[in-house]
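Reading through the structure tokens given below for one structure.
Which chain is which? They are A, B and C, in the order written, and residues in each are numbered from 1.
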Amino acid sequence: MALDPDRLFPIHPGARQLARELYKTVSDLPIISPHGHTDPRWFAENMCFPDPARLFVTPDHYVLRMLHSQGIPLESLGVGRVDGKPAESDGRKIWRLFAKNYHLFRATPSKMWVDHSFEHVFGLDGTLSADTADAFYDHIAGCLEQDEFRPRQLFDRMGIEVLSTTESAIDPLIWHKFMKESDWNGRVITAYRPDSVVDPEFEGFSRNVAILGELTSEDTSTWQGYLSAHRNRRAFFKTYGATSSDHGHPSARTECLRQDEAAALFSKALKGTCSAQEADTFRGHMLTEMARMSLDDGLVLQIHPGSLRNHSRSMMKRFGRDIGFDIPMRTDFVEALRPLLEEVGTDPRLTVIVFMLDETTLSRELAPLAGVYPALKLGPPWWFFDSPDGMMRFRELTTETAGFYNTVGFNDDTRAFCSIPSRHDMARRVDCAYLANLVGSGRLQDKEAFEVAHDLAYGLAKKAYRL
Amino acid sequence: MALDPDRLFPIHPGARQLARELYKTVSDLPIISPHGHTDPRWFAENMCFPDPARLFVTPDHYVLRMLHSQGIPLESLGVGRVDGKPAESDGRKIWRLFAKNYHLFRATPSKMWVDHSFEHVFGLDGTLSADTADAFYDHIAGCLEQDEFRPRQLFDRMGIEVLSTTESAIDPLIWHKFMKESDWNGRVITAYRPDSVVDPEFEGFSRNVAILGELTSEDTSTWQGYLSAHRNRRAFFKTYGATSSDHGHPSARTECLRQDEAAALFSKALKGTCSAQEADTFRGHMLTEMARMSLDDGLVLQIHPGSLRNHSRSMMKRFGRDIGFDIPMRTDFVEALRPLLEEVGTDPRLTVIVFMLDETTLSRELAPLAGVYPALKLGPPWWFFDSPDGMMRFRELTTETAGFYNTVGFNDDTRAFCSIPSRHDMARRVDCAYLANLVGSGRLQDKEAFEVAHDLAYGLAKKAYRL
Amino acid sequence: MALDPDRLFPIHPGARQLARELYKTVSDLPIISPHGHTDPRWFAENMCFPDPARLFVTPDHYVLRMLHSQGIPLESLGVGRVDGKPAESDGRKIWRLFAKNYHLFRATPSKMWVDHSFEHVFGLDGTLSADTADAFYDHIAGCLEQDEFRPRQLFDRMGIEVLSTTESAIDPLIWHKFMKESDWNGRVITAYRPDSVVDPEFEGFSRNVAILGELTSEDTSTWQGYLSAHRNRRAFFKTYGATSSDHGHPSARTECLRQDEAAALFSKALKGTCSAQEADTFRGHMLTEMARMSLDDGLVLQIHPGSLRNHSRSMMKRFGRDIGFDIPMRTDFVEALRPLLEEVGTDPRLTVIVFMLDETTLSRELAPLAGVYPALKLGPPWWFFDSPDGMMRFRELTTETAGFYNTVGFNDDTRAFCSIPSRHDMARRVDCAYLANLVGSGRLQDKEAFEVAHDLAYGLAKKAYRL
């Protein structure tokens, strides 16, 4: 059997037993997925998923990057080339390559997610390898043709209470509209992601801002009209369930400019004459403007900083974005968040959730900041740290200073739909292991641990995201 | 019972048993408290402490920050406003708010300190909560009226062998004088903290330097007179037991200027015309001057760098300093300490104790530096890291390179008098747990562990601080 | 007995048992030592080693630095002074000083290495101390006079399959020539270290480049001639077994200049007119040139960045280099490696092995980079991190993102010949402990662990270094 029922629990029998008991009370709780990147079209159209390779390999940048790191060309994994040259299109061939190299994933979270999906979503036992590649492929392919493996059916079966996708501010939200008008009751909501109309360096910025104007009937050539358009569009997103906005900036920099300064920068940004430094200043200031809007409309503000996207520009030219070449960078939060926090951070009506890709900031910067500012909460371990050791270190590095209640439960943040239950399961197991260790070393009482386990698995996410 | 007698010991039974045995040999050792911020007036006047809220809540910035992080206004916790607007003055109301929110402190060191004080200082059993708030309040308030809960009586009962407070270089030390002239035998000593006369950016710097001149009958308008005044004042502090100086700079920067350069900077500093960069240079150079004086008068030099004080300037305007808004910053030690260490760091007569708020420097910078320079020793985990996981990481990140004998035992560094025994107890437990794990994994011999445990709990602090 | 046979294994009995079983399958594997600093002259001449102090104390900068940190003058440890003033020359006196202070090394890797050498190389039991100093000295001195303790005999007895020394690009390799021409079969190979002819700030750079020209009959006054000379010299090193080059730069900076830019910088470098910034640019560019040559000749490129050498310039003046005053620095890899990786990092024919002295980069930078670029592999924990906790953190911080197969096994990187078996033994034990914990927590299957243990101890180093 690929999955140990006691996986990720402490090794010591006493702590393990308590972890098991804690886990038993949270393992079947509904899944709150307040931040992620699944495609709303799946749930709107409810078409069958394509073949196993296109479900598990080609779209998963965790899988792609590991295979590529050992010299496997991305083309042979089915990744399309920008220049249109052909990539492998035979799902079975891609799958065999994946299976043959599955040992590369030993002790990685990717393997745990995939193994969990095999077992829990597709009812497969055993271990994927060159020998079992075809059997696994055939079984999964067979499932994918059945109705019960369509997106909505899987969603229901997975016990998802609510799932948020993320859409650009200028996305028409047609798939969300389809869902809303359908008879399906699954709660799939959107989140407001305005990078394309907030970042002067975003491709097509001024055109995007013009589109935002058209969509909202505001004059986005003026600073006031631009702000009104955001307010208007946020309200529109709220009609599709949005409770949060999301911001993926290179750094955590915030600014709090005077309105005339901001207006002048906006005007330069529209003309495309911002320097790199001015563009950064403008992005930083817009976070503060978004926080101000949040005070009015209640959207939770999420900041995802610190990724250097497309580290290899030559690979980007060949294959485009999201193929595994985004690399974390050293990130500062203390000075960077200061302008926003000084302006609105002590207002308890506001919730700002900050994520990190630089673990060194957890004990030094983020826990101390979240442990004093009422508006600031710590997002769960993100991306490269969404892993058993990463999650454990997150708790060990934040709890003593920020406690549990300045954190917000778990986010799966994934495009890999099948991995959602396995990611939440992993987080629940690690949290239960952490709590059992605290009880075992006399740092938490037994009954407190059960309460906290429930909060970490369910309550905190629901509360923080106002769901 | 709130406190587990085996708390913080390893979970594995064998290692736990050894940790217990190690702890038994150090748990009752006298407390050496060579660095802290208790108020000497308490011991000079020996008045009763006020009500429970004003003992446990209002003055403890760890407690304030956690409650505030969940939206509780500081006013309602009794924190006075700078503008004189009223704060909550009813101790019982403050206490109830604290008790109702006590779950926020789960798994934090604050909870362990408070629970330990409840049990060991006030003989309370059970857990603080909304239900028990009044009973706890009444019991503690009743105690505080009794003679045996006055400061000197508590000091004696806590088994404190020596306790150092910290006073400004221009403090008249009248409370220390009162103590010295009293018939009480408690050993409370002072430490020389010259920030106000060393930092050109300190409020009232030039006036402070003039006061230093008056106190020492030196002409502090000249560089030589200023240095003499320091020497003179350090000697005065030594008559009140001082064995150390303490320096709280934004960074660990040191400089070693030529005397004419230093004199010129000092002159600009007095005139208030230093740039920010020059002020920083001057502060850095003064650490080297202090080290030179230490070579003559034997005071141990302590450096506490890396805190960005008053992160929210708006909160600072409303409530003043020390309300929980000081945030650690990334800190460099390698280049920063180099000028001082190159000048005097290989002189074994000198002891420089350096503290950190940036854990990433422990294995990379501080352990390698302390593991080679005779003058340099590592201060214990400080502030946000004065916690079970923080202390354990400190040992794990420093011992392999710096060993045990380049560290200096424990500092409680607290304003919270009642927490002193609990803080030392926590440090002793964590060190015993660390040693038991080393023995359990064959990295230290049994009898060595007992010797080291004693050194960490008692001997090293006494030796390093020359007490 | 100084050494616990279960040392470094997990404390929990189940995990310990598995660690033992894993270790049993790798403990006697031949030693692959692909990077180190032993002296080829030892193996060429096969003379007896001098006295115990000159084997264990004077040349070991780990030992020197710890003793010095507690105020012991380097002269009294036999370290020669640059000005020719006498140092202690009585080996027994040095040895007694070492023995008397041996407690300083408690829980350090140095103690484990030395204890292991005592037991496994010299058959000594018991613990070194002031009391046993003379007995240990006499026993070791006695051994050193015997033929079976000569370098070649020790090499064979230690089970070393291959050992790489490191020589300057302009080293004549005479000792390697002697070995090659001898009848000894021990495989001692060289590695190409061109710092002295690649770094414009290296003492005697232009003279060194001229020597490189003479050795290769190339005109190294021209850029093309200089590149040809490198190619030529690399080929010469390959005739003495070299499979790698090694580069010890202050930072990990790489550059990819146009050829005319590089030629112009080279010309300035030869004239000695490079600014510090230009020298750094040139060094960075030369890494890319070396990588290009590696694509042709197959040498593995090793980068050892991040050490600030000779932190105390006054100690450097008195005693020279390599006395323990090299201190790690914060190091960036994300931007620094980008030019090289963008140019050649996706070519699977190339192997670049990068080492770190800044642990914060492991999970944030190095594992993500090595987890996607085919050419990049992570070197093992280096120098201050070549220790049980350092090695364990290395696995915990890299495996989840980079897996096992983007790492390259162990390097002892030592000048201390006797410590080679103990260093490999330590690495094998820690890896087995890590694997046993993974199995115990359901993250790896039993049979996978045995396979991985073998790879980490033997297979990966052999494959990565093409041995």
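In this text, contacts are C-beta pairs under 8 Å (C-beta built on N, C-alpha and C of every residue); 3 or more make two chains touch, one makes a residue touch a chain.
Quick caveat: nothing in here was measured; it's all calculated off a predicted structure.
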Original post:
Starting at subunit A, what is the smallest number of hops through touching chains needed to reach subunit C?
Top reply: 1
**OP:** With over half of the numbers shared counting as same, classify the subunit B/subunit C interface as same or different.
**Re:** different
Original post:
What is the Cα-based rotation angle between copies subunit A and subunit B, on a 0 to 180° scale and rounded to a multiple of 5?
Top reply: 120
**OP:** With chain centres taken as the means of their Cα atoms, state the distance from subunit B to subunit C in Å.
**Re:** 40
Original post:
Multi-chain contacts in subunit C: which residues touch at least two other chains?
Top reply: 10, 12, 360
Original post:
For the complex, which residues does subunit C have touching subunit A?
Top reply: 10, 12, 14-15, 332, 334-335, 338, 341-342, 345-346, 348, 360, 363-365, 367-374, 376, 396-397, 399-406, 437-438, 440-445, 448, 451-452
Subject >> subunit B - residues contacting subunit A, complex >> reply: 3-12, 65-66, 68-71, 103-109, 112, 127, 308, 311-315, 324-325, 327-330, 357-360, 384-385, 387-390
